[in-house]
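Let me begin by handing over the structure; questions about it come next.
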Amino acid sequence: MADEEGAAVSVDDLAYDALLEWIADEVAPYVGEGRVADYIPALAQVSPDRFGLALATVDGRLYGVGDYRERFSLQSISKVYSLALVMARDDGRLRGRVGVEPSGNAFNSLIQLEYERGIPRNPFINAGALVVTDLLHTLTGDAAGAVLDFLRSEADDHTVTIDGAVAASEAEHGDLNLALAHFMAAYGNIENPVDVAADHYFRHCSIAMSCAETALATLFLARHGVRADGSRLLPVLGAKRVNALMMTCGAYDAAGEFAFRVGLPAKSGVGGGIVAVVPGRAALCVWSPGLDQHGNSVAGVEALDRFTTATGWSVF
Amino acid sequence: MADEEGAAVSVDDLAYDALLEWIADEVAPYVGEGRVADYIPALAQVSPDRFGLALATVDGRLYGVGDYRERFSLQSISKVYSLALVMARDDGRLRGRVGVEPSGNAFNSLIQLEYERGIPRNPFINAGALVVTDLLHTLTGDAAGAVLDFLRSEADDHTVTIDGAVAASEAEHGDLNLALAHFMAAYGNIENPVDVAADHYFRHCSIAMSCAETALATLFLARHGVRADGSRLLPVLGAKRVNALMMTCGAYDAAGEFAFRVGLPAKSGVGGGIVAVVPGRAALCVWSPGLDQHGNSVAGVEALDRFTTATGWSVF
Amino acid sequence: MADEEGAAVSVDDLAYDALLEWIADEVAPYVGEGRVADYIPALAQVSPDRFGLALATVDGRLYGVGDYRERFSLQSISKVYSLALVMARDDGRLRGRVGVEPSGNAFNSLIQLEYERGIPRNPFINAGALVVTDLLHTLTGDAAGAVLDFLRSEADDHTVTIDGAVAASEAEHGDLNLALAHFMAAYGNIENPVDVAADHYFRHCSIAMSCAETALATLFLARHGVRADGSRLLPVLGAKRVNALMMTCGAYDAAGEFAFRVGLPAKSGVGGGIVAVVPGRAALCVWSPGLDQHGNSVAGVEALDRFTTATGWSVF
Amino acid sequence: MADEEGAAVSVDDLAYDALLEWIADEVAPYVGEGRVADYIPALAQVSPDRFGLALATVDGRLYGVGDYRERFSLQSISKVYSLALVMARDDGRLRGRVGVEPSGNAFNSLIQLEYERGIPRNPFINAGALVVTDLLHTLTGDAAGAVLDFLRSEADDHTVTIDGAVAASEAEHGDLNLALAHFMAAYGNIENPVDVAADHYFRHCSIAMSCAETALATLFLARHGVRADGSRLLPVLGAKRVNALMMTCGAYDAAGEFAFRVGLPAKSGVGGGIVAVVPGRAALCVWSPGLDQHGNSVAGVEALDRFTTATGWSVF
């Protein structure tokens, strides 16, 4: 593996399967650590001892270890795809309604909205993702359906679906997101009825996919915007921008720490998943339900840290 | 140049000089735009029509265009070097005293310090750089001297010096920084006398260097921690971390926008300079005194945007 | 009238009618100044040239000038009565759910709720009044009805009613209040369904009364808790507490300025009304629709300022 | 004493000495509770079991109980006198530099200064008192001396003095106040050198007086502006305004709670003293060093609560 004082080992020399096995061994002590998301019953039931890791390369190979075929709830990871789908359709309209700056910290979520008159700081905080979903709904007539169709297509598996129990549970415990949505509506930044926008948001966050499927579905960002079928979803600059947003805003209030340790564009979800992009090379997805205080998978962060340290594939 | 819909042009095909000339032509309309920093007289006197751009590659070549040999005031760019010098000496001690997260926005500078009991959010906001300077002073006995020595050595020019008029002017108009320093001292996070720490901070920010010198002095971050003389300043992971911090926190309150447009680790200063790192390849420095509302050089951002778009050398 | 340098003129010497006429003359230049509330159409239609002032004394006399018999929308003034009705029934339960401190300024409304985990700072900011209404609804089964019944009884006029057009308009433009209510519900501080609590809040704010009726209905606070029929609504300490809250929190973000100028417990509403209490002596209500930047009636504040300066009846 | 459900007992019927004795008995269990201010050694040495209470009436009588002749450190109580002295000299100039609104809570002190560009919210928060002291220094050439002279004269005791040990200790631990002062200086709201303004502030806060002396020195506010020698310091409206500020901003972040419980204009200090005004009738000073979480004397608040409940002398 890489020598901290020396140059990174060439990845050409690595057997990927062996690498993933080594990572799984290394992070085994962390699996089960942290706290499984329990704000809705459907998520709280997931066993904390799960761990899966999948690597999909731009030349079409897929590697995996552990529970990498088991589906989990995407949660905030789905915000990457709704964002990409909106940018593909009407990037300009989005720019006026959502910023691109890191949010500082959790504490600032509402003050920021108030201070900046209803314009969320970036598309990955909940307020921003609600606006993205609202605009995607306006553009497609079915925001959650558009995200689902895209993911089914990229993962090449039409059994991918929305977990209805999770979606219902999100809606039932959705006061905080409804507060954000009503607040933005007061400033004219939600154009569909608040309950419609929120419903589509809750639903695309409740899509269940495996690490393997999620890595495959995220390859378009490693391919600079090109989908699995070879068609282009985003221009090169558009893919660069999504990656940049993932780097600066993708790990909740710990984006700086994540960039500092892992150094890849990534997006985490409270379901315990983290998807990461190695531009030009690969996409990874890791899953383990125990979360740290910021909402990022404990074992997941450890795994990605080891991955970039071993391969030298950090963008820095 | 690069086709937005296609792959980036190979940089191997580019004549660097021609590339820099093209960029200088492209951004000429932006030179003179924005507002020259005027909070101290010494900076306000600089002519707004200056523009320089230098590129230093890890294999030792240096390219430049425009006023790339003219010295300007580093200002916040110097925070990169004081940080690296502290990390090289006592990284652990620094971690407890300064965070690594983006600060959200200017508005939050003091509330954040208050909310987090005197721990600055990252080493590039003024409060964080004051703590870094304070620790560097403890570790070396002469913080400003340590930064100056390092820069002279890397730039291979012992005429690099602190502009005494700028430093005196900073001290005279330093109430805001003194407020930050006293506030942190109240929480025990400044260990030297406040006026000593502030003085060394004002002085290393007042170092004057040219684009050529600054690009050379920043190459150690492109070389994953290795200095001009081949010795190692930082471990590979240390250099990665400085780069990550530059990416997430280097452009004041516009770090997200900068990552979004340019996609390189970078640090700007209100003297109009911006230094950027292409890990493994090169360091760039651009200078033009007109600043946008966030304090970043207008023509400088335009130049770096064109550079990464043309070369595809963004990390994303 | 009072000599600023000397003692206040004894009110025994004043003919109240002459005093009110003098005040009306004095403030005539201010009537029409400011901006009529226009966030809902029903309020925007009110003519800005209205001015009424009524004084009700604890010994049963009523004086008035101008449009003091014309009904206007109570808006936030109704928060005084819902608060008193809850304190009369279950003061202890209220104390755990709403604070008694001034809110600082408008800017802090949401940050405060977030920082203090869903506990509104006082019962007169919208968030606090929503909690009061929610609790009144739990205690009575009909919060808006309870407020209406109380006001009809105290004003001795059973034609007092809820303006249905205003209430409907409030609900239609109620996103900000729904945001606050959902946010508090997320912290468990709204116990009825959010839309039910909000509906009763919108309705009691939409009660229409005249200055004469409002002054009469507020006399219980001047009588230290005793209602028009001689029965006690609140203990002496309870009435003192409502008066104290009106003094420190009754004039939106200008409570300090109001105390500074007028020096009486008071509550204003964006309908242009202000009710004030002279403990032990009288209650006043003034109405003029033009509002200052804080939402307080311009001519209303001027009138109350002159009233306390002339009579020396400020509590200070 | 007063019956909560009935009218207050007439104070004419009370023997004041008996009343004060009764209060001292009632609050004895609270004496020693709370925490003695320990941010500077000089204050930390005071015995927590002290309790004194003095009442001075406008007709010239003085009553006391317990340690009412023992001197303690005025601390923030001195802000009342520096404010009155500035208002007497140049009220208009003060209005542009300090607000009159409650500050919300401690948390907001710096954000408020930042948000409102260096204008403190009111004259009783430290930032505001620093501006008042700065202006008093400009107007008199010796701010601390002006406060001391005034207090000696009103208390009729020329042995009242500044405790040099406390003042030195304040200066040594003054980083937070220096931070505030430099921050305001950055916005042009401190006109003397920061260290001069801060030094005079530290010194007038370090004046030591007894409850008896403090009650006498505060009678000018009960006399609507008239000093002990019959001369007028402030116009009637000026005294009313100081009283109003004490009511809305006098008890740190618990001004609302204090108004709610006690209902008198008052100012507390971390030395354990609280001075209160009964307009037209009397001034009180209570002292007991144990502080609650807001910095107000635990036994002191209890004593004033009982005083107003028993006498019915609350302004509400």
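Note that the chains are named A, B, C and D in the order they appear, and that numbering of residues resets to 1 at the start of each chain.
The definition used in the following text is that a contact is a pair of C-beta atoms (placed from the backbone, for glycine too) under 8 Å apart; a residue touches a chain by one contact, two chains touch by 3 or more.
Bear in mind the structure is a predicted one, so any value in this text is a computation, not a measurement.
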For chain B and chain D, chains touching each: none
From chain B, the most remote chain by mean C-alpha position: C
Rounded Å distance between chain A and chain C, as computed from the means of their C-alpha atoms: 49
Chain centre separation in whole Å, for chain D relative to chain C (CA means): 30
Chain B and chain C, separation of their C-alpha mean positions in angstrom: 55
Sequence positions of chain A contacting 2 or more other chains: 107, 115
Listing of all chain pairs that touch each other, if any do: A-B, A-C, B-D, C-D
Residues on chain A engaged by chain B in the complex (per definition of touch): 2-8, 99-105, 107-108, 112, 115, 121-122, 224, 232, 235-237, 239-241, 243-245, 247-249, 253-257, 259-260, 263, 265, 279, 309, 312, 314-316
Residues of chain A touching chain C in the complex: 107, 109-111, 113-115, 175-176, 178-183, 185-186, 194
